[in-house]
Structure formats: structure tokens, C-alpha cells
Amino acid sequence: MIPLWLYLVMAAALFSIGTFGMLARRNGVAVLMSVELMLNAVNINLVAFWRYTNPTEINGMAFAAFVIVIAAAEAAVGLAIIITVYRNRHSVIPEEASTLKG
Amino acid sequence: MGDASLSLILAFIIFTILTLGGALGVVMNRNLFRGTIWLMVSLFGAAGHFVLLSAPFLAAVQVLVYIGAIAILFTFAVMLTRSLTQISDRFTRLWWNVGGAGILFVVLVGTVILPVWGGFTPSNDILFANVADTTQLGIALVDRGSETTQGFVLPFELASLLLTAAMIGAIVIARDADDDEKGKRS
Amino acid sequence: MSVLNEWAFVGVFLLLAPIFPALPIGIAWLLRPNKPNVLKSQTYECGVETVGDTWVQFRVQYYIYGLVFLVFDVEMVLLFPWAVAYNQLDLFAFGAGFLFIFLLADALIYAWKKDVLVWK
Amino acid sequence: MDCIGLCKLIFDAGVRNQELARFIGSLIGVLLVSGVPLLTVIVLIWVERKVAARIQDRIAPNRVGPFGLLQTFADLAKLLIKEDITPTAADRILYNAAPIVSFASVVAIWAVIPFMFANNPEGAIVGVDLDIGVLYFVAVASLGTLAIMTAGWASNNKYALLGAFRVVALLVSYEIPLVFALIIPVMFAGSMSLVDIVEAQSHMWFIFMAPVAALLFFTSSQAETGRAPFDLIEAESELVAGFNIEYSGMKFGMFFAAEFLHVFTNGILMAILFMGGYLGLFYQAIPPLGFLWLGLKGAVVYFVFLWLRNTVPRLRIDQVMGFNWFFLVPVSIINVILTSLILKLMQVSGFAPTNFATSNLGEMLPLTIVMLLKDVVIIAFILGRLGQEGRRARIEEQRANEALTAAAVGD
């Protein structure tokens, strides 16, 4: 069986790439995609730890399922906000949507 | 185990390449539609990893939800907010962020993964355990919980509430945008 | 490891499945004539040259259809395990499932009321 | 025998390397299982044309070979040597990948289809009996939606993109009632494995216990394949040709082969989920008959798909969407709630078995009758509402006509 740390290293790499994309990309849609990547890295970790510690219990799978649900809700609302901001100000760059800052 | 077989290692390598390559494609790509396709490649690789970790249900759900639904949503959003494919600078503070992500990776590997390096060698009990299946997941989801079991009925209903809230919220936001547009036109 | 055995088959299947359609396309690529010229490989529109990149302003409506679909699709993630285990559960499980579906049906009713699901 | 049995067989036959045996076993299994759809698709194109022609009072191809049987091969030869134009503006990689993914996603569904299963796993013929078979085929089929989206975008053509957007909105909408209908057989069988679902029908087909779910599945899979009355995928009068406008030659052919095969695959799935799959007369005595029964049931459903396609006119896109969101989706949700309520109530009070596969006909009968009654009530209610709506619409139309004539006479 593949050793656990290989999964963890891979998930860490995925998480780092996601973090980079979230911080560095200017386009809001790309930022959301990067967040999806980060959530998936977390999910891989959850499932890997579950499989290697107590696979007979259901917790790891249930948690991962809930993470998927939340990731979907996050994408839905995030994209709706981006679309609205784009319609109002014709920009999808999060830094330019700063009306609330005053 | 003796069956740490060639095909398993091969599958792990392929899925890792898909996952990380796709992720790089997402963050590097200039064109957002191609970025969506790369995202799907990456998430497909993650689904493969779920299969290797004996959670095929999660793998199927991953493909169904991400490739079936979220990909469609992202492509719709990309088309609705086009215009910026020609944007000259994709990144803000590129090198700072590259450095930051690199440091993050090193920190993660150093603090989280090094302690379990070589550890967690699973016993045969765990390797050949009857892994919890979908039926058990279903039972746990509507279980009120007791001394011995954990019930997930509250998160189950809260998930539904969250989805409802997300849907209504997103409709409110997006619909207002449409109304504004109409107001401008007329 | 029998689970992985099954999925090895699925993996090979998914690897091979694209080859079946790729094969005739590949043969066609060998056999067919290939004489492209500027006019022929233009985008197929109303006979006038295409100006600019392809972009039509799409309505938010499409996004809302995708959104409602996404929410229901995600609901299936939790509803399928519920359905699988249903025969072994008691009446409480029906209550839980009913509340779950009912909350989402609320969102659907909201979408009806706001007329966002009508194709305009 | 499934793929694992095949691997064991090859291992025993002398290939002593476990890895190699597994690989060879999987390879042979894939070729055997996917051979079925690949061979049928050639016949299907001929059947489709013949049936369409008979319904429309034509003769259909009859020149090449006996009864025009070789027409498909003539067409194939023509497609092979036809020039294939790739527009310069297209995104070459995605443009070429889209038809391949489109066809492959349909073929991949066949990995989980059980052809026969004679009480012991050794006698089973199925690609692989996955625990999550139902989710697997829904997930794989959803790759096709992404392929259409990609085809539309990669062509870099306004019509193609618009067509793809409409189609995807339609496919995505009709997937909701489809999945809700799937919950019913899964709930009855207590498993997502297709073999378990068929075995659970050994005493009573699910189509008698849940006709509404079967109808919902039937209707939405007709829409999923983009057939009339939901054929906005082509909609040649509105969108030139929809998302595949820029495709020609074999790539164009692949989209169509995928569509034909998808219709038949849906027929087979319908037979498995609701009509007892490979079960049938004398099946227990002669298991290979399962192959025949499955094919026969699938063919009947397939014929109804074609029949519907060739007799019903195309709906407008707003009608298609309204039909889904204001009719199919609510009905499917109510159906799931009512079915689960009745099932649980009857199980708690002891009138229904909790394991359908191991019960007998006598135990299944009360549940079946109640479920059937419930569905008859639902259908009667719907028909009543439709009748009311129709009458109202007719009266309104009549009034409008009278007003028009009155105005004309007044002039």
C-alpha cells in the first residue's frame, strides 16, 4: 500500500499551489478555482488519515462528504457575487471592488 | 503489504501527475475556460486518489458534483464575465506569492508530515479491514448518536439548510444583476 | 484489496474507452484529403467575415439554471447514502430525509416565486 | 464471470505474474464488454433509419446490401474519406478532444451493465459489479455534458457557443428528475449496485411498484439524449446546427454515433432499473437466456424512444424548460417523499419486507398494490390538472378568436 506520507506530501503540494493561485491571481473566477483546489487538498488529507487510522468507522467519509457540500455552496455564492460585481463595475478583479472600504 | 504492487504505484503516480499538473494548469493558465478544464483534470486525479484510498463513493461523488455540476457553473460564470482574457497581468505580486507558497509547502512538510514520516505503518487489521461503505454512511447520516456511535443527523439537516441558503442567496444576488441590466437598457 | 481489483478494471476501461472513437478518427486522418485554404477554414457564419473574438453577452439565467442544478446534485451526495440504508432504518429516518428534501424544496419554491426559472 | 474471475482464470491458466494476469484479464474484459456497444451501434444506425422511415411512411435505405443492411458501412466509408475541416480560429486540442470524450463517456457506462448473473458470482457476466454502480453511470454520463460545452467553446463560433449553452442548460435541468427517479430503485433495493437492483426485482419488477419513477426516468433520459420533443441539441431551424456546426467528417460522425448509442444505453438502463434486467422466463434453468431477455427489454424501450422521437413535434425552448422546472422536478420530489413514507410505514407495520431479493411474491404483493395505487392517484391528479388547464386555454383561445372576428366584422 502507498505510504501515508506520500499522500500528505501530495496534498500539501496541492494546497500550496491552491494558496498561491488564491493570493496571486487577479481574476476572481480563478481565485475561486484555487479555493476549490485547496478544499480538495484538505479532502484528500481527511480521507487518507481516515483510511490509515480507523477505516471501519464512518467519520472520515462523512466529513469529506460535508466538505464537498460546502465547497459547492461556496462556489455557487462566490460565482454569483463575482457575476454581480462584474455587471455593476465591469471588472472581475477583487481588489477593484472596494466600495465597502470607503 | 506484499501487494504494494506495481499497478498500485503506477496508478498513484498517474493520479498525482493529473492532480498536481491540473492544479498548475489552473493557476498558470491565461484563458479561464482552459483553466476550468484543467481544474476538472485536477479534481479527476483527486477522485482517483479516493479510489486508491478505498472510498469509491467519494470518488463517484467527486466526478458527479465537480465535473457534472461545478465545471458547468464555472464555464457559465466565465462566459458571463468574459472580457478579461486579454488582461496583461495575470498575477499580483507574483514572486512574493511564489515565495510564500514555497515557504508554506516547506512548513507543511516540516511540521505536519515529518512527524508521521515512516509512522502510521498500518497493521494488517487496518489494511484488510472491511472499509466502511455507503450503507454505513447512510445509517450514520440519520443517526441521532449515542454513547458508542456518532450521529450526523444535525450536520445532515444543516447541510440542507446551508444549500438552501446558498441557493436563495445566489439567486437574490444574480437576479438583481439581471434587473439592473434591464433598468439600464430601458 | 478486492475493491481495488474492481477498480483496476474500471481504470483500464476508462483508459481504453477514448481509443474506440479515436481509432476511426485516426484512420480518417490517414485516408481523407486535406487541402485547407483560407476561405475554407474560416469560421462558419453568415457568409460575412467574423469580426473579433467569439463572445455573446449571455444572460444570468444560464447561471441560475446551473446553480439550481448544482444544489440538487450536491443534495444527491447525502440523499443516495440515505436511500441505500433506508430499508434498515426506522421512521425517524423518514423524518430526517423529509426535512432534508423539504428544506431544499423551499428553495425551489422561492425560485418559482421569483420567476427566475421561466425562460425569457 | 466478472473481471476478477477472468483475472483468476488467466492466473490459473499459467500467467504466474499477478500484475500481468490482472492487466491481461482487465484488457480482455474491456474488449469483451465494450464489444457489445461497439457492435450494436453499427446495427442501431440502420434500425433507427428503418424505424423512422416506416413511421413516416418512407422506405429508408434499401440499395446497399439486403434491406440496406450495408448502408451503414457505405456511410462509414464516406465519412472516412471525407475532408475534415478544422477552422483556424478553433482551439485545436479541445476541439479534437470533444467528440472523443463524448463517445467514450457513453461506452464507459457499459462497464457496469450486468448481462446475466446466475445466483453464483462465477456464472455472472458483467464488466464489474461496483457497489456504487448507479452513481458511476450518472457520473460518467455527465462527462458528455462537459464534452458538449467544450465542443461549443473550442469551435470559437458564436452559433456553436450559443447552441452549446442552450443544450447544457437543458441537459443540466433534466438531470434533476433523472437522479430523483433513480433514488426510488436504489431505495427499494437498498443498494446502488446494478446487480443487486436486478436481483431485488426477482419477484416484482419495479415498473409495477413505481410507474411514476419509471416514467420520469424515461422522459428525462429522452431529454438527456437530445431527442424530439426535446431536440434543441440540433434545432437546425434556430441555431444552424447547434454546438457541432464546425465539425465535419468522422468527428461529426462520432457525435452522432454517441447519440445513437446513448439512446440504446438508456433503454438498457431502463430495463435494468425498472424491468428486471436479465430476469425472465426460464432464466433460472438456462442462464444465458438473461442476455436475450435484457436485449429484448432494452430493444422494446429503445423502440418507444424512437417512436416518440418520430411522432412528437419539437417544443420551444421555453416550453421545454417550463415542462422540466414546473412539472417534472416537483413531481419527482413529491414522488420520492410519498414513496419513502409509504415504504417506511408499511415496513414498520410489517406489511412489507425489508429485503426484496429474499422475500417472496406473497410478501411483495401488498406493498406493490399500495405503491401502484399511490402512483395511479398521482397520475390521475396530474391528468385532471392538465385537463383543466387545457380547457381553460381552449376557452381563452376561443374568446380571443371571437373578439377578433367581431372586430373584423365591425370594420
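By written order: A, B, C and D. Residues from 1 in each chain.
Here, contacts are C-beta pairs under 8 Å (C-beta built on N, C-alpha and C of every residue); 3 or more make two chains touch, one makes a residue touch a chain.
Only a predicted model underlies this, so the values are computations on that prediction, with no experimental measurement involved.
A.B. asks: If you tally contacting C-beta pairs, which pair wins, A-C or A-B?
C.D. replies: A-B
A.B. asks: Could you give the separation in Å between the centres of chain A and chain C, each centre being the mean of its C-alpha atoms?
C.D. replies: 20
A.B. asks: How many Å are there between the centre of chain A and the centre of chain B, using C-alpha atoms for each centre?
C.D. replies: For chain A versus chain B, the centre distance works out to 6 Å.
A.B. asks: Report the inter-centroid distance (CA atoms only) between chain B and chain D in whole Å.
C.D. replies: 29
A.B. asks: Can you work out the whole-Å distance between the CA centroids of chain C and chain D?
C.D. replies: It comes to 15 Å between the two C-alpha centres.
A.B. asks: Check each residue of chain C and list the ones that touch at least two other chains.
C.D. replies: Each of 8, 11, 53, 58, 60-63, 66-71, 73-74, 76-78, 80-81, 83-86, 88-89, 93, 97, 101 in chain C touches at least two other chains.
A.B. asks: Which parts of chain D, given as residue numbers and ranges, touch two or more other chains?
C.D. replies: Expected reply: 22-23, 130, 135-136, 161, 165, 172, 175, 190-192.
A.B. asks: Quick check on chain A: which residues sit in contact with 2+ other chains?
C.D. replies: Where chain A meets two or more other chains at a single residue, that happens at 65, 68-69, 72-73, 75-76, 79-80, 83, 87.
A.B. asks: Mapping chain-to-chain touches, which pattern fits: line, ring, star, complete or other?
C.D. replies: Its topology fits none of the listed shapes; call it other.
A.B. asks: Would you mind giving me the full set of chain pairs in touch?
C.D. replies: Applying the touch rule to all chain pairs gives A-B, A-C, B-C, B-D, C-D.
A.B. asks: Using the touch definition up top, name the residues of chain D that touch chain B in the complex.
C.D. replies: Those in contact with chain B are residues 18-19, 22-23, 91, 94, 130-132, 135-136, 138-140, 142-143, 145-146, 149-150, 153, 161, 165, 168, 172, 175, 190-192.
A.B. asks: For chain C, which residues are in contact with chain D within the complex?
C.D. replies: 2, 5-6, 8-14, 16-18, 20-22, 24-25, 27-29, 31-36, 40-45, 50, 53-54, 56, 58, 61-62, 65-66, 68-69, 72-73, 76, 79-80, 83-91, 93-94, 97-98, 101-102, 105, 108, 112, 117-120
A.B. asks: Going by the contact rule at the top, pick out the chain D residues touching chain C in the complex.
C.D. replies: Touching chain C from chain D are residues 2-4, 7, 22-23, 25-27, 29-31, 33-34, 38, 76, 79-89, 96, 99-105, 107-108, 111, 127-130, 134-136, 155-159, 161-162, 165, 169, 172-173, 175-176, 179, 183, 186-187, 190-192, 240, 245-246, 249-251, 253-254, 257-258, 317-318, 321-322, 325-326, 329-330, 333, 336-337, 340-341, 343-345, 347-348, 354-355.
A.B. asks: In the complex formed with chain A, which residues of chain C make contact?
C.D. replies: Residue list for chain C touching chain A: 60, 63, 67, 70-71, 73-74, 77-78, 81.
A.B. asks: Per the contact definition, I'd like the list of chain B residues that touch chain C in the complex.
C.D. replies: Answer in residue numbers: 3, 7-8, 11, 48, 51-52, 54, 56-57, 61, 64-65, 68-70, 72-73, 76-77, 79-80, 82-83, 85, 128, 131, 134-139, 141-142, 144, 153, 156-157, 159-161, 163-164, 166-168, 170-171, 174-175, 177-178, 181.
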